[in-house]
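Right after this note come the structures.
Paired with subunit B in one complex and with subunit C in the other, subunit A is shared by the two complexes that follow.
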Partner chain A sequence: MDIYLIEAMITAVIRSATPLLLLGLGIIISERAGILNLGQEGMLTCGAVASFLTMLATGSFPISILAAVAAGMILSSVFITPVLILHTNQVATGLALTILGLGIAALAGNPYAGETITAYQVISLPEFMSSPILRAILEHDPIVYLSWIIAIGVTFFLRSSSSSILIACGHAPRVATILGHNVIKIQALATLFGGAMAGLAGAYLALSFTPIWSESIGAGRGWIALALVVFASRQVGRLLLGAIIFGSTDILQLLLQAIGLSMSSHILAASPYLVTIAALVLLSRQNNLNPKLREPRSLGQPNI
Partner chain B sequence: MIKKKYKYLLVLILIGYVAQSISQEPLKVAFLYQHPVNAGGWSLSHEQGRLDAENEFGDKIITIALEGIQPGPDTRRTLINLARENYELIFATSFGHMNSVMKVARSFPQISFQHASGYKTANNVGTYQIRAMQGRYLAGKIAGHMSTSKKIGYVASFPIPEVIRGINAFTLGAQAANPDVTIQAIWINSWMNAAKEREATELLINLGADVITHHTETPALMVAAEEAGVWAVGYQYDRSQFAPNSHLVTIEHNWGPIYNSIIRDKLEGNWKSESLWFGVDLDATRLVSISPKVPSSILSDIEEIRTQMANKTFNIFKGPIIDIEGKTRLGRDQTLKDEDLIGMEWFVKGVINAD
Partner chain C sequence: MFIRRRRIAPSLAWQFLSPPLAITLALATGYLFLTLQDLPAQAILLDFLISPLSDFYSLVEIIGKATPLLICALGLSICYRAKIWNIGAEGQFIAGALIGGAVALHLDDWPSWLSLPTICMAGIAAGSSWAGISAWLKVSFKANEVLTTIMLNYISLHLLAWSLSGPLKDPEGFNFPESALFADSVILPSILAEGYLSIGALIALLLTVLLFILNRYSILLFRFQLLGEDESSARFSGLSPKRLTLQAMAISGGLAGLAGIMEIAGPVGQLTMNVNFGFGYAAIIVAFLGRLKPMGMLFASLLMSITYLGAENVQIGFGIPRATTSIFQGALLLYLLATDFFINFEIRIARAQPE
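Take a look at the complex of A and B:
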């Protein structure tokens, strides 16, 4: 295998891990606050269509990204309003949000299915760092860098003392209320953050990954991210690991096919899911012993 | 008083209805698409065929197009509704519609159903298909000529006979231009997954392919080929807009002549259940937007083969043909029958990664 193939593989892995990472970060924050939002796929697709249409209209990447983030936040507020005020079932509301989001995106994107935009260009590294591997790891477009910054930010936030209020909302919202915290406000903010992240992931898909509009643009990533977060026990590090394992198995199975490995393509196609689940199940064996890794006790429960 | 008014109204409606049925009533024709037309690909090519038929027959027919009809209960419900609304000719364009069509057709024997790309028929269910492999062969010949690395990448969906036929025909065409050419296939196990199509394309390019083609729906492949600066061969509908510099040729589906011929049969009362399989003879598969960089000698060569295909003197699958396991599938001058083509599950030599 020559060095350029490895370079291309690393780039491809990072490219397919980025949307999962972004989605997962949003899910971690909202689930830590006790909100289970299954509408990720809908918010993702809406973010993608919002950024694609804005890009067609304005030609500006920053504005398109903002549009995607706004679309994700608007959809998540559609979710959070009935959930927090009317105490509706979170699973059902989340599923409805997925259907709503996919429908809105299909409707809005339909007339523009044949259009193309120029993809977000990668930021070139300075001359002295021109080793192919280094370039593959470090040379990406701004949304990838943004996802790294957010991942570091979320990690530090979860280690800070202020995150304990968020986690309290997820474990024991009544206690948090008695302590004088506005649980509804905190949960709403956490869910809005989740929506923003899903929108950003959508912007990455539409602006960088595949600069065309297709209804299939989400391709189930919202669901994969939800599963990754569960297996990663809501830890950023494990989420990153899961996203990378999933991305690399996904690329590797295409490579194995292309070099002519005689193996059923169906088994290869299933491999990313199998490998990722196996890895994260092994990691999460200790979960019930370690209180830090336990599922938020009030996850998905109405806070009455 | 009021009752009388209603009576008059009723009589009026009755007269109108009778008058309408005495005058030549247009034939009601329905089209079912699995995907939205604007998403491009297969459904779009059928929609263009429907518009062709509307132009051809004018007010002799009324057509309706229903998009996004997913296989399963949706299809069944839609078909029953159409039958109750007296649609006399119904085209179901997706392979997945097959079983619903067969079920509903049993309850409505007076209605003619046509199912694209399927293999089940009944007294009132016919099938129709395009011999896209003929276009594949011709495009393969161009691709084989234009490839300098002698590696061609093929992003494929599912290993079903329709896709396998296309790969084999393309390979034989490419080998006719250059015997050393190999075809590297990647199965993405989906008809429509823009990201996978793109990743597979980039991988094939990195493995040395300098011509890329596909049997999938989205234009992601064309965009990726344009970025990398390698040739791209489109499928289904003219894809040159997605790769202005890299587009080599598109193998276009042209359903118009097929729809015209079926609808004409129905209008004249000659419709019967058949398995129709049209190719270059009806211009149902054709090469469009050929890049100006293709030498004219190749073009005249292609045109000659096309003419021979149209008057059935040229057969793509003509022996000797060896499969990827080295087994001789066809001896000298042997050819494949349509039945063998419909169930084709083996790959010709020169295909890499054949499931």
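Take a look at the complex of A and C:
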């Protein structure tokens, strides 16, 4: 294999891993707090449409990113308000959020179907770092860098002592309440962070990954990210590994062409979902055996 | 100051009140949104809800569209009672349509009385097996069924696309991703003298009555509820949670598969990517809106069907995209879940506590 193919593959893997990483980081935080938000796909798509439309109107990348983050947070508050105040079923509420979010995105983006915007430019490395591999790893647009910074931030947060309050909310909200913590506030903040991350992932899809509007821009990434977090048993390191594995399935086609195999594009398109199931199967049982990796005890349970 | 209190017994009144209240709230939200966009909200909402009820052919179409929704929802209700979150009716519907359709394409020289039951059985078997994958992964590997069923939804859609671009593509179809039209002998008969309403509508009604009777007079379905309420009690009464899970998923998938094959061997008449997919997701709303009760789901499926036709009318009349249906549906489900709070809780005005 020549060096340019490897370069292209590394770039492609990082690009398709980024939205999953961002979504996963948000899901990790909200699930650690005991909130299961299945509305990821809806928030992701709304984030994408918000940034796409803002980009068309203003032409400014930072404003578009902020719009996506705001959209994600607004939608996550639509989820968390009934869940925390009216104790609605989290599975059903999340599902409703996905249906609502996909509808809003389709409605808002409808007049712009097929329109394109100029994608976010990559930040070029200085001249002396011209090795193709290094460039493939490091030369990306700012949202990719942002995802790395947030991943590091979340890792440090989960190691800090203040994360124990968050984790207490996920395992034993009553105990956390007795200890004087405002569980509702903490869970709400964790969910809002999840919404912000889903919005940011949407911004990445619309501004950089596929800068052409289609209402199916999410392509199930919200659901894959939810599975990925189970796979990662809510650990950032494992999430990163999972995102890279999933990113690789996206470039399967490239790889198969390189070794001279051809395969139906429809079957290839189904491969990330197959890999997701395989990953769930391989790790679900093991995670339940190791107490450190077990899922938060009151995940998805109403706190009455 | 208001306080909330858990009711001693769930409120029967609120069980009936919350669906109409949720519908009203969803309509009010729609009114607000339309008014904010300077659109004639009243006219649009009237067109959305009333126009589908205005003539005979629309009424037939409402029942036709409600049929697959109802059949899928009946199956889902069994899973949801057992608190098994099967989100995969969509994939099971497609699996039933795909396998049943493939069989139908090969049975065009059989007599109808033999071929129709065969293709329906093929659809049921396909939907059942497709759901069985998730059920098996859940009981033997503890893989979350929400995620596996959704992944299988995407996979089934890609499988359908692959079949229609290769093995099942119509050789004379100008390269469109469609199968050949089904022979008349594998199209379900109509129960109306005028217009087309497939016999599926009758089957859906029979299934609803069957489920109603089983719910009321037999312990068969209560076992699923017991599993959902308290798994250890179920185990203590000698029931096997694993077997119940497999059964619930198999029934649910089988019904979704039946809905799938009856849709394409009925109103659609061929396998195509243009079948109104999304029924499997809408059926989840039908199940919740109908309180998982057969008669409730019957009304809910008709209402959801009206929203589909209404959205089409509004698109033609006012140029409002069809995506509004899913906004309405999503908002409806959210409001319903929120108003369900009052079934188990009441809000009281707290009296001043004596010091």
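We take it that the second predicted complex is superposed on the first by the 270 of 304 C-alpha atoms of A that agree within 3 Å, B and C clash if a C-alpha of one lies under 4 Å from a C-alpha of the other, contacts with A are read in each partner's own complex, and residues count from 1 in each chain.
Everything below uses one rule, namely that contacts are C-beta pairs under 8 Å (C-beta built on N, C-alpha and C of every residue); 3 or more make two chains touch, one makes a residue touch a chain.
Just so it is clear, the structure is predicted and the values come from calculations on it, not from any experiment.
J.: So, A:H87: does it touch subunit B (first), subunit C (second), both, or neither?
T.: The answer is second: A:H87 touches subunit C but not subunit B.
J.: Regarding the shared-chain residue A:L38, is it in contact with subunit B (first), subunit C (second), both, or neither?
T.: Touch partner of A:L38: subunit C, not subunit B.
J.: May I ask you to decide whether A:W223 touches subunit B, subunit C, both, or neither, giving the answer as first, second, both or neither?
T.: After superposing on A, A:W223 lies in contact with subunit C but is clear of subunit B.
J.: First (subunit B), second (subunit C), both or neither: which does A:L255 touch?
T.: first
J.: State whether A:L5 touches subunit B only (first), subunit C only (second), both chains, or neither.
T.: Only subunit B; A:L5 stays clear of subunit C.
J.: If you stack the two complexes on chain A, which partner ends up touching A:A119: first (subunit B), second (subunit C), both, or neither?
T.: So A:A119 only meets subunit B here.
J.: Look at A:S264 in the shared chain and tell me whether it touches subunit B only, subunit C only, both, or neither; answer first, second, both or neither.
T.: both
J.: Applying the document's definition of touch, where does A:P211 land relative to subunit B and subunit C: first, second, both, or neither?
T.: After superposition on chain A, A:P211 lies in contact with subunit B alone.
J.: Mind working out whether A:S16 is in touch with subunit B, subunit C, both or neither, as first, second, both or neither?
T.: Only subunit B is touched by A:S16; subunit C is not.
J.: Return the residues of subunit A at which the contacts from subunit B and from subunit C coincide.
T.: Common interface on subunit A, subunit B vs subunit C: 106, 110, 215, 264, 266, 269.
J.: Spell out the residues on subunit B that touch subunit A in their complex, using ranges where they run on.
T.: These residues of subunit B touch subunit A: 36, 38-40, 153, 159, 184-190, 192-200, 202-204, 206-207, 217-220, 223, 227, 241-242, 352-353, 355.
J.: Note which residues of subunit A are touching subunit B in the complex, please.
T.: Subunit A residues touching subunit B: 4-5, 8, 12, 15-16, 106, 110-111, 113-114, 116, 119, 205, 209-212, 214-217, 219, 250-251, 254-255, 257-262, 264-266, 269.
J.: In the complex formed with subunit A, which residues of subunit C make contact?
T.: By the definition above, subunit C touches subunit A via 6, 85, 87, 137, 141-144, 146-148, 150-152, 154-155, 158-159, 161-162, 165-166, 281, 284-285, 288, 321, 323-331, 333-334, 337-338, 340-341, 345.
J.: For subunit A, which residues count as touching subunit C in their complex?
T.: Spelled out, the residues of subunit A in touch with subunit C are 38, 42, 78, 82, 86-89, 91-93, 95-104, 106-107, 110, 215, 220, 223-224, 226-227, 230, 264, 266-267, 269-270, 273-274, 276-277, 280-281, 284-285, 288, 304.
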